[in-house]
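Naming follows writing order (A, B, C and D), and every chain is counted from residue 1.
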Amino acid sequence: MAKPANKKSAPAKPSWRGIIPPLVTPLVGRDELDAPGLGRLVEHILAGGASGIFALGSTGEAPSLSYRLRRELAERVCDHVAGRVPVLVGITDTSFVESVNLTAHSKKAGAAAVVLAPPFYFPAGQPELLEYIQHLAAELALPVFLYNMPSYTKLFFEPDTVRAAAELPNVLGLKDSSGNMGYFHRLRALFADRPDFALLVGPEELLVESVLAGGHGGICGGANLCPELYVAAYQAARAGELAKAQELHRRIMAIAGSVYAVGRHGSSYLKGLKCALSLRGICSDFMAEPFHHFREPEREKVRQALVKLGIL
Amino acid sequence: MAKPANKKSAPAKPSWRGIIPPLVTPLVGRDELDAPGLGRLVEHILAGGASGIFALGSTGEAPSLSYRLRRELAERVCDHVAGRVPVLVGITDTSFVESVNLTAHSKKAGAAAVVLAPPFYFPAGQPELLEYIQHLAAELALPVFLYNMPSYTKLFFEPDTVRAAAELPNVLGLKDSSGNMGYFHRLRALFADRPDFALLVGPEELLVESVLAGGHGGICGGANLCPELYVAAYQAARAGELAKAQELHRRIMAIAGSVYAVGRHGSSYLKGLKCALSLRGICSDFMAEPFHHFREPEREKVRQALVKLGIL
Amino acid sequence: MAKPANKKSAPAKPSWRGIIPPLVTPLVGRDELDAPGLGRLVEHILAGGASGIFALGSTGEAPSLSYRLRRELAERVCDHVAGRVPVLVGITDTSFVESVNLTAHSKKAGAAAVVLAPPFYFPAGQPELLEYIQHLAAELALPVFLYNMPSYTKLFFEPDTVRAAAELPNVLGLKDSSGNMGYFHRLRALFADRPDFALLVGPEELLVESVLAGGHGGICGGANLCPELYVAAYQAARAGELAKAQELHRRIMAIAGSVYAVGRHGSSYLKGLKCALSLRGICSDFMAEPFHHFREPEREKVRQALVKLGIL
Amino acid sequence: MAKPANKKSAPAKPSWRGIIPPLVTPLVGRDELDAPGLGRLVEHILAGGASGIFALGSTGEAPSLSYRLRRELAERVCDHVAGRVPVLVGITDTSFVESVNLTAHSKKAGAAAVVLAPPFYFPAGQPELLEYIQHLAAELALPVFLYNMPSYTKLFFEPDTVRAAAELPNVLGLKDSSGNMGYFHRLRALFADRPDFALLVGPEELLVESVLAGGHGGICGGANLCPELYVAAYQAARAGELAKAQELHRRIMAIAGSVYAVGRHGSSYLKGLKCALSLRGICSDFMAEPFHHFREPEREKVRQALVKLGIL
C-alpha cells in the first residue's frame, strides 16, 4: 500500500475533541474494498480539518463486512492516515473474543483507540453490560470509547453504567447516537468533575447544541461528504459564536433533509451519503448487503439535492 | 476426535419432523469447548429420540462465540453424531460473507442443513430481507431453514417474505421463535399446499399446540435436558392423543416455570438450562459473555426444582 | 326501548364459559347508535349460541365513543338481551372515577359484570397497577374481569399481579388478548388450583388451542359475524374432538386471512368486521373516529371474501 | 369562586412565546380539587413571569381525572387567571365527541386555546390522524395546539402530518414532548417560512437548546415550582446570552437530576414535582390513581434536594 509522503508520528496525546468522521467504507464488491476511493476519501476528510477518523462504525457498515475485510480496512486506513490524526477502530461485536482479536490487529496497524457498543444479539442487563465492559477493557491494549447506539443494539448505556465504566483506566469517552439530548445532558452533569472524559454525539442534527452545552465534538456521518462544514460548525459552537453556529446548523439540516431523505427510511441515510460521495467522484457507492446502492431515479434526486446545496 | 463406533451414513432424505434440540454449547472457558461434555450431551440427546441436532443457535450462544470456536463446534458435533441424525448449523450473522464461510465449513464437516435468521444489526425492510435471502441461498451449498426470532433480530419474517423465499430450491422450512401462534397459523394456512415446507416452533411452551395444529415439530431448548419428554409430547400431539399430550405439556410448563424462572429475566432461560445440565452431570455450565453461570443460591434453587420435577 | 317478549331473569350463577362475543357497536353517526342494527346484531349473536355478550370492548370501539353513548349502549344491550345471557360491560378508562361511574350505570341497566384493562395513558408499574385494581374493585358493585391488552394499553398484567388480583372477592377471571400463548399457559399453570377463575382468550386464531389446553372460552370478534362457528369450535375443543376442532380452526383462520386482511393493517380487523356485518344486512358499518368504514374497492373485496367463505 | 382584583381582559393577540407551565392539578381527594392550593399555584406561576398557563396536560394528570373535575378545573383556572395571560386547556381524548365537549366548556370558561395529542387507544395511521385533526379542528371554536407525546400516545405526529394540519386556520402551533431534538429541528426547517406557527418543547432539559435554535418557548413542568428560573432561561436563550443560558440550563438539570429522580422511574417526575410543591407550601401532593404521592423516606429525599438547590 502506498503511503502519502507527509507521514508523521502519531500525536502524543490525542485530545478527542472536534469532528471525528465515522468513515464510510468504499466497496467495489461484496468483499472487496475500493482502495483508490478509500485513499481519496481519507485525504478529503483530512483536508477538511477532521480531528480523527473512526473506521468500522455503523456508517462504515462494519457489521455487514467480513472480518478479513475489516482487518484490511483498519490497516489501509492507518496506512493512509499515517499518524496525521488518531484512527479509531470499531470493535463492536456479539463475541467478546472477536472484539479482542480485532483490537489486537488494530493496535498492530497503528490505531489509537477502539470504539465499543454493547453486544447486540442477547439483551444483557445493565450489571451484565458493565461486567462485560470491565472484562473486555482489561483485555484490550488500546483506549476505549463507549458507543451508545440503542436503536441498533437494543441496549442503552444507563448513566450509572457509564459512570462505573469510566473508572476503568482505558475508557476515555462515549459517543452518543441515541438522539436523546436529555440523556446527553444527564451524562454531562454526571461528568461535570471529569472534563477528561470525552462526550461526543453521533447525529449531526445535534452537533451544534451538544457543543454549545459543553460537549466535545461530533462523530457525524456527513463529515465524509463536507468535513469542513462540520468542523466549522463545531468551532463556531465551541467559540460561542451563536449566529454563525446556527447558520451552519441550518446547512447541516438542509443536507439531512434532502440527501438523507430520499427513498426508504432507515437505510436512506447510508444510501444517500454513499450516493453523494459517488456523485462527487470520491468513492464507489457499492453497499454491503442487506442494503444496495441507489439506482436512478433516487440517484438523480440526490444529484439535484447536491446541486441545490452547492456541493455539486 | 474419536468418533463413536456406530457411525452410519447420513439419512438420504431427512424428514425435518419431530424434535431437533438447539444444542447447548458446553464451554470450559471463554474460547474453549467442554469436549467431553459435548460428547455426553450429544449422546444424551440422541438417546432421547431426537430427529436432528441444531448447533449454533441462540440456545447455543452462537453469536457470543468466536468464529474459530463455531467452526470447531460444527466439526465436533458432526463427528459425534456421525450421521445418526441430520445436523443443522446456525449461520445467522450480520455479515453475508461470514454466513457463506461458515456454511462452506459446515458442509465439509458433514452438516445436513443450515439455519438463518435475518441479519440483526441494521434493520432491513422486507424487500431487502427477501433479496438478502435470495442472494445468500444462491451461494449456499446446503439446504436452508429460516429462523424467525424477532426479539433478538428486531426483524419479523413477514408471511409474504417467507412465501417468496420458499420458492427457492434450497429453502426447506422455518423455525418460528416469535411466540406468536397467530403468526404460526397464518404461515400454516399460507403453506397449506406445501406439506414439504417444514414449520417448527422454538418455544417449548407452544410445542404441543403447534403440532396439534399441523406443525412439524419443535426446536426446543429443554430437549437438551429431557429429550425424551419433548419427543413424547411431539408424538402424542402428532398422534392426536390429546390427554397424553396435555399431560406432557403440563410437565414442559413445570420445567419452564421453575428451571428457567430463577434469577433475572431474559437470560434466566439459558442460565437455568445450562445449570441444570451441569447438575445432571452432563456438561459444564460455563457461559460465554455477556452472561455468566448461576452461582449459589440460584444453583440451589435449580437443584431443588430438578428434584421436585423428578429429574434429579 | 322495546324489549323482546322472551325476557327472562338473569342466570343465577353465570359460568363464564364458552363464546362471549365482544359486541360491535353499530353506529349511524359520530354520536348516534344504529338502534335497529343493534337489536338485529344481539339477536343474531344469541341465536348463534353465545354464552354472554361483552359490550364496550375494543371491538366495540368503546374508547372512541362519548360517555353518553356508552351509557346508552349499555342500557340498550341489557334491554335487548333481557337476561337471556349475562351482559359484560367494558369500563376500561384512564380515569378511576369514570370507571366507577360507568359500573354504577351498568349495574342499574342490568349488566352481570364489568371488564377492565389497565389505565392506558400513564404507564404504571405492576405494584401501582395491582393497587389500582384493588382500590377500584372495592368500589365496584359488580364482578370484574381483567383484560390483558398490551398492544393498546402499553401494560402487561404480569402473572403475579393477576394472581394477587384474583384474591379479591369480585375478580372472576381474565381475558387475554396479548396473543402470547406462553403467557396464557403460565396463567393456566398458576391457576391450576383455581378452576373457578375464568381464563378466556381474545384473538380468535387462538381459540381452539387455548380451549384444548384447558382455557374456558373466547371473547372473539368474529362471533359477531358467525357466532355459531366459534361456538362449535369451542364445543369441539372442549369435547376433545380434535379433527373437528382443527377443521373449524381452519375456517376461523380463513375468515381472519380474508375478511380482516383488506386494507391497512391495524384497523383492518375492525373495518373488515364491520363491513362484513353491513354486507350481511345486520347493521351499519359507520365507524367512530379515528377510523372510517371501508369504501369501494375494499368493500367489494370483503364481499368477495364472504362469498368465497359461504357467508354471503 | 373569588377572583383576584387585578382582572384584565384577555390579550387580543396572544404571542404563544415564552414559558407556558403545564399546570399541576392540586387535589385533596380522588375527585376533589385543592381549591386554595390551586389559587396559590396560579399566583405563584404568574408572579414568575409565565406567558400562559396550560391546564389539563400530562403534568396535570388530566387523563386520570373525571370529566366533572376537568370542567371544574378549567373554570377555576380561567377565573383565577382572569385574563392576565392566555389559558390553554388540554382536550386530548380517545373520543372525538368528548374533545368537542370539553372545548365548548373551556371556551365558555374563558380559555384562549386548546391542546390536542393524538387519540391514544387505537393506533391510527398518519392519514387517519390527519383526517382526525381536520375533522376535529373544524368543530372547535378555539385555536388548537398540537401535542406530540409519543411515549404516552404511541403515535408520532410525522412532520408531513404537522405541515398539513398547520394549513387549518385554527391550528397555531405544536408542543413537542418527544425528547427528540432531531425531530424538532426537522419541524423548524419545515416551518422556516411560517414564523407564526409556534413550536415549543415539553422536556425542560431541552428548553435552552430549542430556543437557541429558534424555538418559541417551553411548556415545562418545573415552571410550576420555579417559574422565574425557566422564564430567565428562556429569555437568556432568546437574547443569545449563551453563558447565562447555559448556567440556567445547569440549574434546570440539577432539579431534574434530584427532585425528579427519587423513587421509581416513569412516575418519579410527577411525584417529585408534586411533592416539592407541597414542601414549598403551595399545594397538596395528593395524586390521582394510578399514582400516589411520595411518603417518607422519598419525601425526605425531595426535601434535601430542594434545600441543596436553595429552593427550600
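One rule holds in what follows: a residue touches a chain if its C-beta (ideal position, glycine included) is under 8 Å from a C-beta of that chain, and two chains touch if they have at least 3 such contacts.
All of these numbers come straight from a predicted model, not from anything done at the bench.
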item	value
Partner chains that chain B and chain C have in common	none
Of all other chains, the one whose Cα centre sits farthest from chain A	C
Chain centre separation (chain A, chain D; CA means) in Å	37
Inter-centroid spacing, chain C versus chain A (mean Cα positions, whole Å)	51
Contacts with 2+ other chains: residues of chain A	none
Touch-based graph of the chains, sorted into line, ring, star, complete or other	ring
Full enumeration of touching chain pairs	A-B, A-D, B-C, C-D
Chain B partner contacts - residues on chain C that touch it in the complex	179-182, 185-186, 188-189, 203, 205-206, 208-209, 212-214, 240, 242-243, 246, 249-250, 253-254, 256-257
Interfacial residue positions of chain B with respect to chain A in the complex	30-31, 58, 61, 63-69, 94-98, 101, 118-125, 128-129, 131-132, 135-136, 151-152, 154, 264, 266-267, 288-292
